[in-house]
Amino acid sequence: MAKSIDVSGLNIYYGDFLAVQDVNVTIKARAVTALIGPSGCGKSTFLRTLNRMHEVIPGARVEGDVVLGSDAIYGPNVDPVEVRRTVGMVFQRPNPFPTMSIYENVLAGNRLNNRKLKKADADAIVEKALSGANLWSEVKDRLNKPGMGLSGGQQQRLCIARAIAVEPQVLLMDEPCSALDPISTAAVEDLIHELKTDYTIVIVTHNMQQAARVSEYTGFFNLKAAGQPGHLVEFNKTSKMFSTPEQESTEAYISGRFG
Amino acid sequence: MTTTDASPRVGRRLGDLLFAGTARAAGITILIALAGVATFLIVEGIPGIVTTQSSAFAGKASFVSYTWPLVFGTVLAAVIALLIATPLAVGAALVIGFYAPRRLATPLGYMIDLLAAVPSVVYGLWGATLLAPKMQPTYAWLADHLSFIPFFAGPASATGRTILTAGVVLAIMVLPIITAICREIFAQTPALHREAALALGATRWEMIKMAVFPYARSGLVSGVMLGLGRALGETMAVAMVLSASSAVTFNLIGSQNPSTIAANIALSFGERTGVERNTLIATGLVLFVITFIVNFLARGIVARGRKGS
Amino acid sequence: DQNGGTSASGLTGTLNGGGSSAQATAQDVWKSGFQTDNSGATINYNSELGSGGGRTGFNDGSLDFAGSDSYIKDDASKGKEGLELTAATARCGGEAPVEVPAYVSPIAVIYNVKGVDNLQLTAGTLAKIFNDKITKWNDAEIVAENPGAKLPDAAISPVHRSDESGTTENFTDYLAQAAGKAWPHAKDKVWPAGLKGESAAKTDGVVGAVTSGENTIGYADHSAIGDLTAASIQVGKAYVAPSAEGAAKTLAVSKPVAGRSDVDMAMDIDRTTTEAGAYPIILASYLIACQHYDDAATADLVKGYLSYAISVDGQNAAADKAAAGSAPLSADLQAKAAAIVAKIAVKK
Amino acid sequence: MSSTFPSSTLPPRSLTANALPRWAPLLVAVVSAGLGVLASVLFSWGVAGLVLVAGSAMLLLLPLWSAVVENGRKAKDRLMTGLVWSTLAVALLPLVSLLWKVISKGAPQINGDFLTYTMRNVILAQQGGIYHALIGTLLVTVMAGIISIPIGIFCAIYLIEYGAGSRLAQAITFLVDVMTGIPSIVAGLFAYALLVALLGPGTQMAFGGAIALSLLMIPVVVRSTEEMLKLVPNDLREAAYALGVPKWRTIAKVVLPTALSGIITGVTLAIARVIGETAPLVIICGMTDGVNTNPFSQAMATLPVFIYSTFQEGTGTSVSAIANADRAWGAALVLIVIVMALNLLARFIGKIFAPKTGR
Amino acid sequence: MAKSIDVSGLNIYYGDFLAVQDVNVTIKARAVTALIGPSGCGKSTFLRTLNRMHEVIPGARVEGDVVLGSDAIYGPNVDPVEVRRTVGMVFQRPNPFPTMSIYENVLAGNRLNNRKLKKADADAIVEKALSGANLWSEVKDRLNKPGMGLSGGQQQRLCIARAIAVEPQVLLMDEPCSALDPISTAAVEDLIHELKTDYTIVIVTHNMQQAARVSEYTGFFNLKAAGQPGHLVEFNKTSKMFSTPEQESTEAYISGRFG
């Protein structure tokens, strides 16, 4: 069910400010693609255009095409609500709904479409999603406790469970481990490894070692100069990117000369 | 190190002491001012409560029977105002926070703020000369058709200057306050959770239900309470709009309407002298205590909300 | 000195008075006339106080003179605060206060009923209307008194004063004296509690409410009623509309109150007179001052201002239809009042 | 893990299915307007009927259509969107009506004489003016400002810079909040009671009015100054401390100048808030016809009280009542213009003089 | 004029919360010492105790000794204001005073203390400090323009100029390049190289390559576990630290396995 994403000629604006310029890239299905680059170069911005979350920000808009499988997600008559159900997203800081239990958090997306979910179906979804997020065994005895009561790493996996419970085809992750300790980070990285058999995964990270560890493909974003828009400098197999990058600035970034 | 050089340090300390002292004194002034308000109202109010001069209670037997209809009217008018203003304010704040495009949101917010900038005498002028006559036919219709509801028992006032009209004017006046607080609270709802809801495929309204209202609840309550505080104390608009007697009735559209404490003070202050004025001050003390409690509760809720989040 | 003006001739300083709101327009006229002649003088007349407030303010010394719609008297039934005449005497250093009628005006019964422009009422009917006993304009009793009038089948909305008022006091005095059992309430400056009608603040408030409402009826100083029509009231066998002449006739047949000092012109108005052309619902409003003041400037100002108000000029200015529309004092009353006011002087 | 979810739980998905066309809201608007016109013509319900019918048609038709073509969730979303926008419209209606009324009734009164004459010796419909009230309002407001602004600013400095977290600061913060809720009439009564206690009954003086207004103004100044001081980045304070600058100099020379434009904005808004206050001034300043420039003795006319008293004398139909009503409207327009101008000025100050902190 | 710093038995608290525990270290004069470690381990907190900026935060306090040259800076009768004049500080985000011109910003340390300077002296100080911060040539024609009008890197160097204008003996820098682009970063790093001949420099950085490039000594801070206080794990010559660290967790950190 995973789908590939084709991005062509994408310009991303905040109001009149061009934040990211002319991105052309194909993101493979059932693989992990990592996006790296210095702060402010537009990684998050780009990621959010892949499920039309960008336009949630007042004044934000895009030019260009993003094709998911065979559907242009910015096409006419496309409902952004549908796009977001199809392309799940996990954020930098874990954000379970504080008023809901673990159980309700996992079901939050499903409840939107189907108020009267049968109890048995609901249970099945919750178990499936939490198992998929490697969390089931840790929380199965306290499903009715608030989601906020979990540790940071558990919360983040809960958010991943919530995202996969609606069966998306793509999973976007924006620095999902940057707020986590080493052990939680390892747990989430393991999970990403497992998930890629079913999902197309795009992950933004500021940790190059992490990119090297989890991804097959890596895209490097950078600013041409301060005040200029960000752009995709290089997109390559991860192994190639971290050994023999094509661009000089990629090399400079990877070797830690800035950022 | 030059820490042995003592004299400039003393100079600095003096500057710091003076400045800090002035700042602290200014802060304490506020404590004193509020204590002063309470003290002077009590000192000048008590003679008006214990007096035996019957004219002080305008024909009523005691301070309590004089004040009770006023308290009733004050609360009734404020509650009507809140019932009208709250949904409107929440809606307006939602538009400004989540619905209107950015270019429009700012001027819309400004327009709502302008409502708060209109002086209350002008509301009074508008309410008495435009709104009340415009409402009168509606009241007549309500009295004709819905008189089985106690609120619309009728007979309808001939002038439209009823407690309901006063409530409407008050609603307009407290609306910007509640809207402003709602806007602030909505803006504070974590973008993280709003985006989480949207990313799950929620529509805008579902997002608001999932990620805005649960956070905003305590803030909304306190915003409404602050509006209540304002509505309880509003004076001139009510004084100018309401045609008051000392009735205690739930008939909102009739010609017999309870007055409010504040309006009663403004209207009868001039014609009262001596101990009669002390009685008015005592009713003011009652109003002060009521609004103090309401604001106290409201701020308490806000403070608790802040600690909780 | 508030207004900074100094006059080449005439009086200077600020005089604070207040009281009856019925006198407000007349006071404006007198103030204007007096201040024009004495550009250094400022007269403040606070009509917000109402008659009662004016008397109390005068008694406690915060006002130099007062306007009142009823004469000062001691009313022992109200306890210490009812002893107003005693208090006024004390305020004036043990001398009786000066009390002269200055403003006499009919109180009009005003109404706003489409198609009815010559309403005629007896005291009894009027009382029943305001006492909630007659609630429809086409009530048999009203129809009987107004043959041929197109009275609608609509509820009557009576309007009364919400504040304490000399107008109310005189109106209820009339009803109590002239309507007999139909008006079970006593004369009072506060409208009886429990009656249904609508209330409005001050004279203008009542006029405004009657004007803007429909099928309304109220009472107000005749000078303030504007375009509204006033009902004619039965006196003897005839119906009499309010007018300055009618008011003057009623005052002429009224008796001075017995046992008053010779600077006090208090009068009991005869509400039940059958004198042809007399209009009995009137208000006689007094100016109250002391015979002597501690301060020469104040004494001169009070004397000067009150003299002007009482003078033929002052009375005629107030009586102008465009102004207060009051009834000028009759020549002998005017002469008597002027003589009293002329005696005001500084305390020796 | 791809196929074990209960298949009934999620509807089949397509990104493009079943959307209302883009022009749907427009069409519904036109149809609703048509219905409104029809209803108002057929039943002669007038403009109010037109707006009511068209509005509710608009509110209901689009969600209904959406429910048929799209789905229940979207219909609900559209319904709520409509409702929420209409609350805003209803909220703004009174403002429009009020401004229109004040301008249409007040504008004809405004002329040079109206602004430069007093009401001294003015009777009936003669040309009078509000000069005395303008002067009074100016004096009372300036005095209130002189009392409130230093107290308010220093109090905010205490709360943000010195007291942060202390019991006293918490108590003051709380009381400032409560003080924002003091009814203006109570502030007036307080000032009156104060004057009575000090100077005896019946005292009227403009200074008392200024005290009452200060009570209303101080919390506004404190709150807005507080907000502005909070906005000054801690970076700047630390930068100054790290240079060995003592705290009070840091506040005086770094923090306050940085926050200055915001503070001025807040103060201007506070002035706008109290300049239209009526109730306390009715009690304490009273009313007079002429100019009084001595704030410590006798009544002083102010604009809001002038409006109130001319309104009270202006409800009848006599010549002078009509003239008074006109004066009330004229004065109301002047007052609104002053208040709005102050608000605009505040915004202007905030925009123009803000230090350029953007990077 | 540079002095060394001796820290012994230093515990650092925020209220009751012990943020950093038992630091013992000697920081050499006229050398660059880098502090590294994962986020939240207390690098900044420690740095700020070296010029008594820590106590500016309400409730914050220290136990233990910090000796600057021969003066105990936490000794009785020591005026923190004087300490701060002696130990300068540069922050993560450039923070020129927005209401002042470039010229006034440089002189802020003198002017705000109400020193009356002759115009010629003032000019001399400004030129010396700006030259010292490698900024003179770039701004000498617009000294009266607002300091905020400069680019990020220029602003940061302006802040350094402001710090050295009061002639401190030690210069503390908390991630001075993390908000800067590569070119500005290089400029600031060059400057650090030059400054170390006159000043004792302590720099916090999250960029290990940067630490390796600019410092002679490196201290590695870490948390023992989540919720535990931070502590100084290892302090060593930079060359040794990055080649053969003594502690295993240092190695894990440097090789990017967490943080």
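By written order: A, B, C, D and E. Residues from 1 in each chain.
What we mean here is this: a residue touches a chain if its C-beta (ideal position, glycine included) is under 8 Å from a C-beta of that chain, and two chains touch if they have at least 3 such contacts.
A quick note: this is a predicted structure, and the numbers were derived from the prediction, not measured.
Compared with chain B, the chain whose C-alpha mean position is the greatest distance off is E.
Of all chain pairs, the one joined by the greatest number of contacting C-beta pairs is B-D. Central chain by Cα centroid: D, whose mean Cα position is closest to the mean of all protein Cα atoms.
Among the remaining chains, the Cα-based centre furthest from that of chain A is the centre of C. A rotation of 175° superposes the C-alpha trace of chain A on that of chain E, rounded to the nearest 5.
Here the spacing of chain A and chain C, counted between their Cα centres, is 85 Å. Averaged C-alpha coordinates put the centre of chain D at 47 Å from the centre of chain E.
Separating the centre of chain C from that of chain D, both taken as means of CA atoms, is a distance of 42 Å. Within chain C, residues 46, 48, 57, 60, 62, 200-201, 208-209 each touch two or more of the remaining chains.
In chain D, 73-74, 201-202, 246, 249, 315 are the positions where the chain touches two or more neighbouring chains simultaneously.
Among the residues of chain B, those touching two or more other chains are numbered 12, 203, 206, 270, 273-274.
Contacts from chain C toward chain B in the complex involve residues 46, 48-50, 52-53, 56-57, 60, 62, 78-81, 155, 157, 159, 162-164, 190, 193, 196-201, 208-209, 212-216.
Those residues of chain D lying in contact with chain B across their complex are 73-74, 76-77, 80-81, 83-88, 90-92, 94-95, 97-98, 101-102, 150-155, 157-159, 161-163, 168-169, 171-172, 174-187, 189-190, 192-194, 196-197, 201-202, 215, 218-219, 222, 246-249, 251-252, 272-273, 275-279, 282-283, 304, 307-308, 311, 315, 325, 328-329, 332, 335-336, 339-340, 343, 347.
Listed in rising order, the residues of chain B touching chain D in the complex are 12, 15-16, 18-20, 22-31, 33-34, 36-37, 40-41, 43-45, 87-92, 94-96, 99, 108, 110-115, 117-126, 128-130, 172, 175, 179, 203-206, 208, 226, 229-230, 232-236, 239-240, 262, 265-266, 269-270, 273-274, 277, 280-281, 284, 287-288, 291-292, 294-296, 298-299, 303. Residues 120-124, 201-202, 286-294, 298-299, 309, 312-322 of chain D touch chain C in their complex. Taken together, the chain A residues at the contact with chain B in this complex read 15, 51, 53, 56, 58-59, 81-82, 84-85, 88-89, 91, 93, 95, 97-99, 108-109, 112-113, 159, 162-163, 166.
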